[in-house]
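Once you've had a glance at the structure underneath, I'll fire off some questions.
Chains here go by letter, A, B, C and D, matching the order in which they are written, and residues are numbered from 1 within each.
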Amino acid sequence: MTTTAHDPAAASALAPELLLRIHDLMVKTRVLEERLITMYKQGDGYFWIGGPGEEAFNVVLGLLTHKGRGPAYDYLHLHYRSAGTLLALGANPVDFLRQMKNIASDPFSGGRNFAGHSVIPEWNVVPITSPIEVQYSIAPGTALAQKRSGGKGITIVQGGDAGTAEGDFATCLVWSSRRGQELPVLMIVTNNHFGISTPFEGQHGETYIADRGKAFGMRTEVIDGNDPENVYAALSRAMDYVRTEKKPFLMEAMVSRLYGHSSASGANYNAGEADCLTRFEAKLQARGLITAEACEQLRAKYTQELLEASKRVREELPPEPETIWNHIFADTDHVGDAARGAAKSEGDR
Amino acid sequence: MTTTAHDPAAASALAPELLLRIHDLMVKTRVLEERLITMYKQGDGYFWIGGPGEEAFNVVLGLLTHKGRGPAYDYLHLHYRSAGTLLALGANPVDFLRQMKNIASDPFSGGRNFAGHSVIPEWNVVPITSPIEVQYSIAPGTALAQKRSGGKGITIVQGGDAGTAEGDFATCLVWSSRRGQELPVLMIVTNNHFGISTPFEGQHGETYIADRGKAFGMRTEVIDGNDPENVYAALSRAMDYVRTEKKPFLMEAMVSRLYGHSSASGANYNAGEADCLTRFEAKLQARGLITAEACEQLRAKYTQELLEASKRVREELPPEPETIWNHIFADTDHVGDAARGAAKSEGDR
Amino acid sequence: MATLVQAIRLALHVGETRHGVTDIFGEDVGPPLGGVFTATQGLKTAWNSPLDERGIIGTAMGLAMAGQRPVAEIQFCDYIYNTIDLLKLAGNTLWCSNGAYNMPMVCMTPVGAGIRGSVYHSHSFDATATHIPGWKIVIPSNPRDAYGLLLSAIVDPNPVMYLAPKGLLRAKANGPDERIPGEPDDDRLLSKMIDAPLGDRSQWTPQWPAVEDLFIPIGEARVARRGSHVSVITYGRTLPMAVKAAEELAKEGIDTEVIDLRSLHPYDWPAIVASVKKTHKVLFVNEETEVTNFGEHLIRRTVDELFYELWAAPKLLAGAFVPGIGLADNLEKASVPQLEGIIDAVRTLHRHQP
Amino acid sequence: MATLVQAIRLALHVGETRHGVTDIFGEDVGPPLGGVFTATQGLKTAWNSPLDERGIIGTAMGLAMAGQRPVAEIQFCDYIYNTIDLLKLAGNTLWCSNGAYNMPMVCMTPVGAGIRGSVYHSHSFDATATHIPGWKIVIPSNPRDAYGLLLSAIVDPNPVMYLAPKGLLRAKANGPDERIPGEPDDDRLLSKMIDAPLGDRSQWTPQWPAVEDLFIPIGEARVARRGSHVSVITYGRTLPMAVKAAEELAKEGIDTEVIDLRSLHPYDWPAIVASVKKTHKVLFVNEETEVTNFGEHLIRRTVDELFYELWAAPKLLAGAFVPGIGLADNLEKASVPQLEGIIDAVRTLHRHQP
C-alpha cells in the first residue's frame, strides 16, 4: 500500500464519546439500509441500491466534513452508497424511505429518482446521479470556486473502483493537479473489488488505483476502510492537507459490499465479506466501551423506529402526474408561451 | 526522465546507409511540408497542418514499422503531423498535395478532408481524424485482434501532449494494461510543449506525461525526439518489448513545432525551436557522411520535384458534387429504396 | 418459445458459431453474469470490459478495423451519451476515408421505459441514433425479429445499432409466425437448455438448440395488423401497445393498420406510403422525447411527399419533453405514450372529417 | 460598428464587469490567443483549460453549482459530442433534484459551415441541442443579437447554449438597428481599442468602449424582413442568406417574409403562427443534416396546429444526410443550403396552387 495507515496509536486518540457516536451512526445506517431492502422486497419500491459495508468509512467522512452552504464549506460529490455520510451530517433517515417509496414528499427528488440519489443543498451535497463517475468531472468546478474564495472549504468526490476506468476519473486527476493551479479536491475511491458482477482482478493493471495520482504529483493513500478509527486518522490527515495546502489528495479505501450490488442482484447478505459493524462492535466490547446487549438494543431501537416510519411513508401520497412539468427551468416551469413571457420580462430589466 | 535514452553508443550502431536514408526521408518530409505551406499561402488549399519539427521521430517510426495489411502487421493510429512516418513507409508525397488541393484524386479522402488526414489501408494506416485523442480509444481494438492472432504485429498510437488531458488517453492506459490481458500497444506522445496556443506549463501536474503509465505497470520512457539515432535506439527497444512481451509501452518524445500549430497561426518558421534536420545534418557532416553541398542538392531536388507536382495537381479535377453520396454504406451508396433493396437481397443469403 | 432476450442470445450464439462474431463484450456481459438482462449468458466469445463506454465503442471500432466482428454492448442506452463523438466517427469513417475503412460492428443497447427504471434506465435512443449518418439502426418488437434482425446486423458490412426494447425483453412470440426457426416448442425446456442457473455457474454450459439462420432484411417494415381507417407507424415497445389499441378500437368499428418499422435507418418508406395511401390518416408513435424526434422526420417526409393524400394532419404521440422519466408510476405514465393515449389519438384521427 | 465576434467579446466584457461572470474558459480561450476566433481576447476572467471537453463542461457545472457564473467554450461544436451525457445532466439537474440545484452556466460554441472547415469544423449543433431538455438555446445572426442574446444568456438562471455561426463571425451590422448601444461609430477605432495586436501581447490591455446593457429576450424571434407571399423561418448563418434570397425574389414580385428565430428553445411559436397565418406557405431552413432535424419539429408543430392554414406542404431546406461536409467547394455546396436553393424553394412554394 502507498502508505500503511493502520496506526493503532491513532485509534486510541479518539474519545470514547466519539467512538460511540460513530457506532451509533453506523448502526443507524445499517438499519436504514436493511429497512430499504425490506421495503424493496415487500414491493414498497422498485429498486434498491445502497452502502451496507461502507458504514465505517462513510460515517466518519460525514463527521469530518465541514458542513454548510456555499464555497466556505465542503462540497460533497457522493455516490449511491453514501447514506452513512448523510446520516452523519444529520440527514433524516425517513427521507430515504420516502425516496424508496417514490412519494411526493421525497425531499431529494419528489418521487423522481431511485433510492440512494440524495441531494441536500443546505450542506453542499450536490445531486447524486446514476451515471457512474461524472461527479469526478464536476468536482473541479466547486473546488475552483473554493480556492478562489480563499476559505477552508474543500471538495470531496467519491466513487467506486470499477468506475475509475471512465475518463472522468482521469479528468479529475488532470484538472485538480495542474501545477500552480492545484485544487483542494479530496478524491476518494471506495474499492469494494467489484463493478456489479465484474471482479477487480482482470480489469486493472494498477495494483492500487491510488497510484494513478502519483504521476500528477498528488499525495495518495490506500487505507482499510472497514476500521472507523483508522479511517478517522487517515481522513483527518488527508483533509487537513487538502484544506491547508489547497492541493488534491487521492485516497483509496478498501470496503465491503455486504448485500451485493443492488436489488438487481438479490440484495442478500454476503457472509463472505468483512463486516465493519460487527468488527467495530467486537472492538468496542473488548475495550469495555459498550456491551453486546447495548448494541442489540440500539439496533432494535432503530429497527423499530424505521419500521414505524416505513408504515407512515406507505400512507403518503405519490406525486401528481402533472408535476413532471415542474422544475424544468428555474425561472418558469413550462416551456413555450410562458417561458417566452418570462424571457420578455427579463429583457426589461 | 524515466529513462535517459540519449546513448551515443547506440548512434554509432547505425550503418551509414541507414543514416543517409533517414536523412533523405527527413529532407523529403520537410520539403513536402514546406510545399504544402506554400500551397496554402498561394491559395491552393484552405488549411495546412503538419509535422515540420517531428521528422526525426516520425521518419524513424515509419522505418521501424512492420508494414502490411491485417493483424500480422503493425497498425498505425497516427495524428495530423505524421507525414514523415508515411513517407518512410513509402507513401507518395504527391498524394499529400492532392489532399491539400482537395481534388478528386486525393487518395486519402477524395477531396473531403484536410491536409494531413491520411489513410493507407494497404499498410494498416487507419484514418487520421481531426478529433484529438480518439485514436487512443480505438487502438486497443486493433491490438486485441493482434494479440489473438498470435503474430508479431503491434499497434502504434500517437498523439500530442495537450491531448493527453482527454479521457481517451486514460482509456488506452486502462484497456491495454489489464493484468493478464495486456495488449501489444506502443503508446506514443509527441510532446511539442503546446496545444495550439496553450503552453504545457500550467496545464499539467505531471513532470513527464509518460509517468502516467507507471501506475498501470507499464514500461515507459521519455526521449529526445529530435535526434533520429537516439529515436532509432529507443523505438527499437520499445517495439521489441511490445512485440515480444505483448505488453504496452508508453513513450514520450520531445519534439519541435517548427511552423507553429497550423496555417491558422500563420505557419511561419519559428527559429526559437530546435530543428532536428539542421542538427542531424551538422552531425552527418561532422562525421563526414555527407557534405553541406549534397544536403543542399538533395533539398533542391525534392523542392523542384514537388514544385512541379504541385503545378500538375493544380490542373487536376475537383470532386463532383454528387460524390457526397458515395461511401455512406459499404453495401449501397444511397439511402432509402436502394438500401432497402440491398437489405432485401441480403435476407436471401 | 423464446423470449425476446433469449432470441438475442440465440442470435449471438449463431453469430459466434456460424457468422464470424469474434467478440461480444461490454460491462458485465461475460461470465458470471452474462449481461444485466441475461442477453449474453453462455456465449463463448462474451467478455467483461472495463466500466468505460468510450473504451467499449472505441475498442469495437478497432476490432472492426482489424477484420474482427465485434458486438459491443452499452449496458443501458442511458449511458451511451458520452460516446456520441465516437459513434459519429464510426459512421463517417468509410465516407471520410473515401471507402478505405469500414466499421462492421454491432452496437447493442437496451432502450425505453416500462420497467420503472427512473431517470437513467428509461431513456430512448432513436432520435439521437437516427441523426447520426452512416449507421443502420434496427429495433425489434418480438422474438423472431429480435433474432433475424440481429443476424442481419451481424453480417452487415456497416456499423449497425441494435436497440433492444427493455420493456419487451421477456415478451414471447405472439403466434407461430413470430417464432424462431428451429427453436424448441417447450419454454421450460428451452430455459433449461440456455438460461444460466442461479448460484454458481462456473461448471455450467448451455445446450444450444439447432436454430436456423434467419435474416430479417434491414430496411423492411412488417405490417403487424392490416387495417383501413387509420395507420399507426411505430416500433419497439409501443408496437404491441399499438396492436392492443387496434384490437380495442376494432370493437368500436375502427379498423387500424399497425406497421412495425423495425428498421429506423434505412427505413421502409414504401411501406409507409402504401399504408397512408390506403388510410389517409396516420399516427406516428414512439417513446422518445418529442422535440427533434425521429417521428417528426417521418411526419416531415409524409407531408412533403403525401400532402394531398392526407385527410387529417398526421400526428405524433411521443414522450413529453421533460428532462427525465420519473420513478413513480404517475410520472412514468405521464411521460411516455400509454395504451389509452394511442386509442384516443386514433379515435380522434378517425373521427376527423376533412 | 462591431463584427459579430467583437459583439460577443463586448458582451463577455460587460458580463464579467457588470453581471457577475467569474470564468470564461476553454481551450485557447485565455491569453495569449484569446480564442481561435478572437472572441475572448483581453477579458480579465478568461483562462486556458486543459484539452478536455468533458472537463470543460463538468467544471462549468461545478462552478455553477458553487454560485459562480461560468461561460465555458467548446472550441468547435464538432468537438462537443463526447459531452452529451454531461449536457443532459446539466439540463436535468434542477428537475432531478426537485428544484434544489440549478446550473446557471453558458456554453458557447461556434457552429455551422461556410468557412471550408471540412468534416470537423463545419458541424451544426441545433438538432442535438434542441433534443436535450432543460437547456435554453440561442443563435444570433447579427452583432446586436449576438450581444444582447449573450447578455441574456449570462443572467439567465438556467443552462444556456450559445451557438455562434462561424460563417458570420466577421459580419457587421446591417443597418443602424443592428448596432450595439454605445459602440463607437468607427470600425478602425473599435478594432484598435479591443482587438489584440499581432505579435507579443503580454503588455497589451484593451480599451473597452462604454457599451450599454441590452437583453434580447430568450424566446423572442425577430422579423428580419416583412413579406406576404411566403414565410422563411431560419436562424444563424442561413438568415442573411434568406434575406438575400428575399431581395432577389422581390425582383420577380415574390414578397418573402423572413423570420430570425434567434432562440431555439424556448422558441417564438406565436411569431411563426402569425407569419404562417399571413402567408399560408412556409419554408424552414437550417444547416443541420436533415434527418431528425429541429426544422422537422417545427414542421410537425406547424402541421399539427396550422394544418388548415397551409396552402402548400411546409418545406424544409437543410443539410444533406451525409456523414460529413467535404472540404472541396463542390462538396460543401452540395451539402448545406445555398442561396440558390432558398430562392428555388421559395419560388416553388409561391408558384404552388392549392
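Everything below uses one rule, namely that a contact is a pair of C-beta atoms (placed from the backbone, for glycine too) under 8 Å apart; a residue touches a chain by one contact, two chains touch by 3 or more.
Predicted model, so just to flag it, every value in this text is computed and none were measured.
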Farthest chain (mean CA position) relative to chain D: A
Chain pair showing more contacts of the two, B-D and B-C: B-C
For chain C paired with chain D, centre-to-centre distance based on mean C-alpha positions, whole Å: 34
Distance from chain C to chain B - Cα centre to Cα centre, in angstrom: 40
Chain A and chain B, separation of their C-alpha mean positions in angstrom: 45
In chain B, residues with contacts to at least two other chains: 109-110, 112-113, 129, 131, 165-168, 171, 174, 178, 202-203, 328, 335
In chain C, residues with contacts to at least two other chains: 50, 52, 54-55, 79, 82, 85-86, 94-96, 119, 133-134, 265, 321-324
Complex contact set, residues of chain B against chain D: 46-47, 102-103, 109-114, 129-133, 162-163, 165-167, 195-198, 202-203, 264, 318-325, 328, 335
Partner chain B, residues of chain C touching it in the complex: 22-23, 50, 52, 54-55, 57-68, 70, 85-86, 89, 93-102, 104, 133-134, 136, 152, 155-158, 213, 215-220, 263, 265-266, 268-270
Sites on chain A touched by chain B in the complex: 165-171, 173-174, 176-182, 201-208, 211-212, 214-218
For the chain B and chain C complex, residues of the former touching the latter: 70-71, 75, 106-110, 112-113, 117, 119-121, 126-127, 129, 131, 134, 136-146, 148, 155, 167-168, 171, 174-175, 178, 326-331, 335-337, 339-340, 342-344, 346-349
Chain C to chain A touching residues, read off their complex: 27-28, 30, 32-33, 36, 48, 50-55, 78-79, 82, 116-121, 320-324, 326-331, 333-335
